[in-house]
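A short worksheet on the structure shown next.
Should a chain be cited, it is by its letter among A, B, C and D, assigned in written order, with residues numbered from 1 in that chain.
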Amino acid sequence: MGNTTGRLFRITTFGESHGPAVGVTIDGCPPRLSIDGAEIQRDLDRRKPGQSRITTQRKELDLVEILSGVDQGLSTGTPITLLVRNQDARGKDYSEMREKYRPSHADFSYQQKYGIRSVEGGGRASARETIARVAAGSVAEVLLKKHGIQVLAWVESVQELSIDMRDDEVTAEAIEANDVRCPDPEMAVQMFARIDAMRKAGDSIGGIIRCVARGVPVGLGSPVFDKLEAELAKAMMSIPASKGFEIGSGFAGTLMSGSAHNDAFYGDKDGRIRTRTNFSGGIQGGISNGEDLRMRVAFKPTATILMEQESVDKAGNATTIKGRGRHDPCVLPRAVPIVEAMAKLVLADHLLLHRGQMGASK
Amino acid sequence: MGNTTGRLFRITTFGESHGPAVGVTIDGCPPRLSIDGAEIQRDLDRRKPGQSRITTQRKELDLVEILSGVDQGLSTGTPITLLVRNQDARGKDYSEMREKYRPSHADFSYQQKYGIRSVEGGGRASARETIARVAAGSVAEVLLKKHGIQVLAWVESVQELSIDMRDDEVTAEAIEANDVRCPDPEMAVQMFARIDAMRKAGDSIGGIIRCVARGVPVGLGSPVFDKLEAELAKAMMSIPASKGFEIGSGFAGTLMSGSAHNDAFYGDKDGRIRTRTNFSGGIQGGISNGEDLRMRVAFKPTATILMEQESVDKAGNATTIKGRGRHDPCVLPRAVPIVEAMAKLVLADHLLLHRGQMGASK
Amino acid sequence: MGNTTGRLFRITTFGESHGPAVGVTIDGCPPRLSIDGAEIQRDLDRRKPGQSRITTQRKELDLVEILSGVDQGLSTGTPITLLVRNQDARGKDYSEMREKYRPSHADFSYQQKYGIRSVEGGGRASARETIARVAAGSVAEVLLKKHGIQVLAWVESVQELSIDMRDDEVTAEAIEANDVRCPDPEMAVQMFARIDAMRKAGDSIGGIIRCVARGVPVGLGSPVFDKLEAELAKAMMSIPASKGFEIGSGFAGTLMSGSAHNDAFYGDKDGRIRTRTNFSGGIQGGISNGEDLRMRVAFKPTATILMEQESVDKAGNATTIKGRGRHDPCVLPRAVPIVEAMAKLVLADHLLLHRGQMGASK
Amino acid sequence: MGNTTGRLFRITTFGESHGPAVGVTIDGCPPRLSIDGAEIQRDLDRRKPGQSRITTQRKELDLVEILSGVDQGLSTGTPITLLVRNQDARGKDYSEMREKYRPSHADFSYQQKYGIRSVEGGGRASARETIARVAAGSVAEVLLKKHGIQVLAWVESVQELSIDMRDDEVTAEAIEANDVRCPDPEMAVQMFARIDAMRKAGDSIGGIIRCVARGVPVGLGSPVFDKLEAELAKAMMSIPASKGFEIGSGFAGTLMSGSAHNDAFYGDKDGRIRTRTNFSGGIQGGISNGEDLRMRVAFKPTATILMEQESVDKAGNATTIKGRGRHDPCVLPRAVPIVEAMAKLVLADHLLLHRGQMGASK
């Protein structure tokens, strides 16, 4: 369970790190959308390992194959399955991992839950699982673009190194201009140096990814349990290593007074109702209000570190374990496309849900 | 849509603020649980208005009626419906609210989504909807208690007024000992004064609620999309006025290094595998690891304030609007039982999901 | 579980025969539909007991109350809850039913599944549960009418007494013109006499209800598991006492050759593509093709009979049990509105699902 | 949508007839079940084309590959994906099918619903889709066997040629002993001759498959909408070419009186409560009662026939179309494993649902 998300634009993912493949089936995609394997590949390339020396050096091409649901470049309305074969399943020695639990990994909890686990590379708990999310998000994006919606995420902070840019000044080009995916080039240099220093030390760090969605129509989201921010929170908190989520003012908003926090309405020159501020983060009562969606996601430092750590073996005996080989000293640069994918999937689903109940998306 | 949550322990809520009633149907509740209307009432009383001068003075008894699913005090395994009639639907003049949008309320987004809304008291977007959550959470608690699980929430901060207590020192008694529901009695006095000052000023404030779940067995939660923290995040972010969610180290964890953040394993004297620290917040790989669950939820200042604010009417014309009458200057004291209820509902559902797939909850 | 059906037009029902009430919550209903309590009541009146001497003489007014989701006569897009209080919970002696299992009732299987059951009147397994279906179907009908869809069901046979009318000759008026709800007035007289004779004998009989849906647009239904006929089959087979379902040619179609069975296409004078015959029953590949939907549902003889029958008590000891008092000697006349309701609910859901994925219902 | 079924034991299928592959992802499978590719292959071989001269001569090996969720032969509790590559996508000329609608196929309704379709071989509407069902059913069977449940289906009739055997006399060996999959060897010869004659005539025929489930524990199924017979009905009516479903006495039961139809209870010599007859088909009140489940499924004559038929082209112009090449003159022999698979999937899901709510499967 737990490998399906969405109700109308619904995806199911599968695959272990060192199994034959990882993949995703997208059910409910509207027909006659242009689905281009090359574009999906471009998104996967933003997530793949080995992009720079601050990402894991694991060698994977992550080439996507479209198995179904696309005919002559168009979606047919039937399930779209995207498959990525695993290649770098090299004969590393996993005998230690089989016996000992890596701290702050899923080894222990998976073993206890299932009484079995795919040990190699973390199996299903590996971040390779997120390939499926990015591939599906790429399909969702085709739908969103038709509705004028753009989703953008970037690294806002690495530890205490943090940028202070206005959301509307950030461009996709600025984000992709450096290996950190931070739109402030000077801060990106500092962040890179910090991450690289951590890498050399065999340690790891975390940070915050900021995500905005522009052009979201008024009316997406549902009252009560499926509020748009609730759906986004779940989507983001399902990403490996995420520890916190904020919409709009978030935790900082708890320091404000209501008179400062309330977003005053006004009519703009085009007759559109807007808000002066956007502490709401584009969502009121669980429903988008036409302003940009604004979110932040906290990522912990990578659990894999190349240091000796206290642990236990399966029998509960005290031992130590030390990460080896290739790892991401900081997940953030590669997590940026994953955060974008999750936002896209939620929005695509709610676009369809909205027009299902209402008959048209406004 | 959006009024149902959970898969095996599944609730559906209904009702508007000034309609005849609000209520909930719980489907999938295990049979032969002792369901006591008086206990549900006790939980509802913790949420009801008029508890002290820092909560809204709206008069509602919020008396619960059990309509189905209980026979001679025991759940029968069929749907349990709990109903609370609305009483204080007094003849207030809502003509202004009918025409103007209250800032940072759901008026505008509901109107745009549906082309219609129940104006009085906010209709479905009213916090009265949370009566249904608390009532359902009370039933979930019966199941959790059988499994030795205790959920506890309290006010950790009001604006910058914040306590610093160890989670395991907090008791239900200390929380309920004051009107703020802050377990530190001295800080509670300060918080009360702050909230009361805001009330007199016609303004409002927010803060943070902390929630722990003790005695959670290892193994609850599912990989990938339905990770336990993702489910909790969705549940909490669906509460009116919530703006942020953290599990374990949360945003603060982004400042740490991996070597400091990783939770080392050890075997305790009873042979149970534990972690030295709990930055993971009791969940690893989306699955509970047997440590206490630790969450924080940020609440914005109440949107209703007794001040003149810039807004527009339905036609988009500039106007002003001012809240009147009774309101909560700070939602936190009454939100405590709601946060608890949402945590209970998620855990009850995952208890059943776990034993569904695995055959037994460990 | 099992008390919710539908995905976008989704209903959840609750209530036991002799509990305080039965009811339904409809989530996902499009907004601004005219919801009239009097029309819902009219549908409930077609289902209620005591309509004639061939239905049970139990006295229930089955008055519906709208608890939520309707504002000034219009649906608001939020959950609509409809409640019917039980009235005739008279102090009958249920001590025998508490100890013995009635043959072909749900007593034994409920008791074994749940280890508890509401004994009086069959509890949740009582046909009173279908009140909720009829009430919800009445709301669904408002949506269907806007799309030009009409659903009609009638009694086609009682035991071997069977009519032979063309579907398109049957009208609502003809069906409602007699107590049996058989559109052939002469056969209705015979059926009435047969049922009445069975009533006098303390025995019971079954028969077949035929159901058509006219004006169904092309395109409703989904491939593979949620084929429209599969959804209809589930809906019909969930009605108490139903034992069989057919779409189009049904079991009789197994005797034909493909060359006789295939429905040839032709273009009618309005340029619409039609089929010469309709052995498909209006559905091809799981998707409606624009022809009338044609179904048949088999109902077994009522399980309650006023005769001594072999049975066992809860301890497994041999005993006998005899039904007493009021019962329906034949469920069909009152099942007609239930069959209609289930068809309406399936079609309403698929209308919304279709426009959710496709963007418009054609 | 519509490509997922089940709630806890949940499958999602994908793939078109002439696309790269068809496959299935099974989510929620309990861990540590022995999953053997060779056993899945054995089940697929019972479904594959070219088994005898009365099945289509299309050449497909239908070799299954396990892509995920299995480690060293054991299920890991994570999604199991089974993939079958399409091989016989030979360069047949589909230009006629692209323009004209084949009668009683899904061509027209798919085209109208989606505005696009995969033409070759029927695309998603091809019976090749059922490969995924059989593969998934094979995994479900591993779970069922652990609980002592056996599912068996066979050809009961081909047109009017019908066997009359007691259910409990039928064995898997007798069914597999001939190409028709009819356990009565003499009738099998007649059926074979009839099918073969139809094949030579370029025509097609249908018939009835009977299915029993033995060893089903008391208590599976849910009240109201998810009654076990309703779930089975949906599952069976989702199989291509199925037109009718019966549980227990089915349509024939409508001719009986209640006194004859009721299944009297008795205690057998082992103290187990049984019924004298089984007109209920093993289900009462939607919940299994411990007797064998008994179902019948009607299959229409194959829509593909090698005869000239009246039809229209996409523009609505009158034309004719004639099937060519390879087809199944009668789907029944190959549908037997599909019927079994669907029954297994429903039972596996309800086993898990039952123990989820109840804590143990009895």
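One rule holds in what follows: a contact is a pair of C-beta atoms (placed from the backbone, for glycine too) under 8 Å apart; a residue touches a chain by one contact, two chains touch by 3 or more.
Computed from a prediction, not measured in an experiment: that's the story for all the values here.
For B-C, the matching interface among the pairs A-B, A-C or A-D, defined by over half of the contact pairs being the same residue numbers, is A-D. Here B-D and C-D were compared by C-beta pairs in contact; the pair with more is C-D. Inter-chain spacing, taken between the CA centroids of subunit B and subunit D, is 45 Å.
Centre-to-centre separation between subunit C and subunit D, using Cα means, comes to 26 Å. Along subunit C, residues 1-4, 8, 13, 28, 31, 77-78, 113-114, 124, 223, 353, 357-358 each make contact with two or more other chains.
Interface residues of subunit B facing subunit A in the complex, by the touch rule stated above, are 1-5, 13, 101, 103-110, 112-114, 124-125, 129, 157, 159-160, 198, 203-208, 218-219, 221-227, 229-238, 240, 242-251, 253-267, 271-273, 275-276, 279-281, 283-290, 298-305, 307, 309-312, 316-318, 353-354, 357-358, 362.
For subunit D in complex with subunit B, the touching residues are 7-8, 28-31, 77-78, 223, 352-353, 355-361. On subunit D, the positions that touch subunit A within their shared complex are 1-4, 8, 10, 12-16, 19-23, 25, 27-28, 31-32, 65-69, 71, 74, 76-81, 83, 113-118, 123-124.
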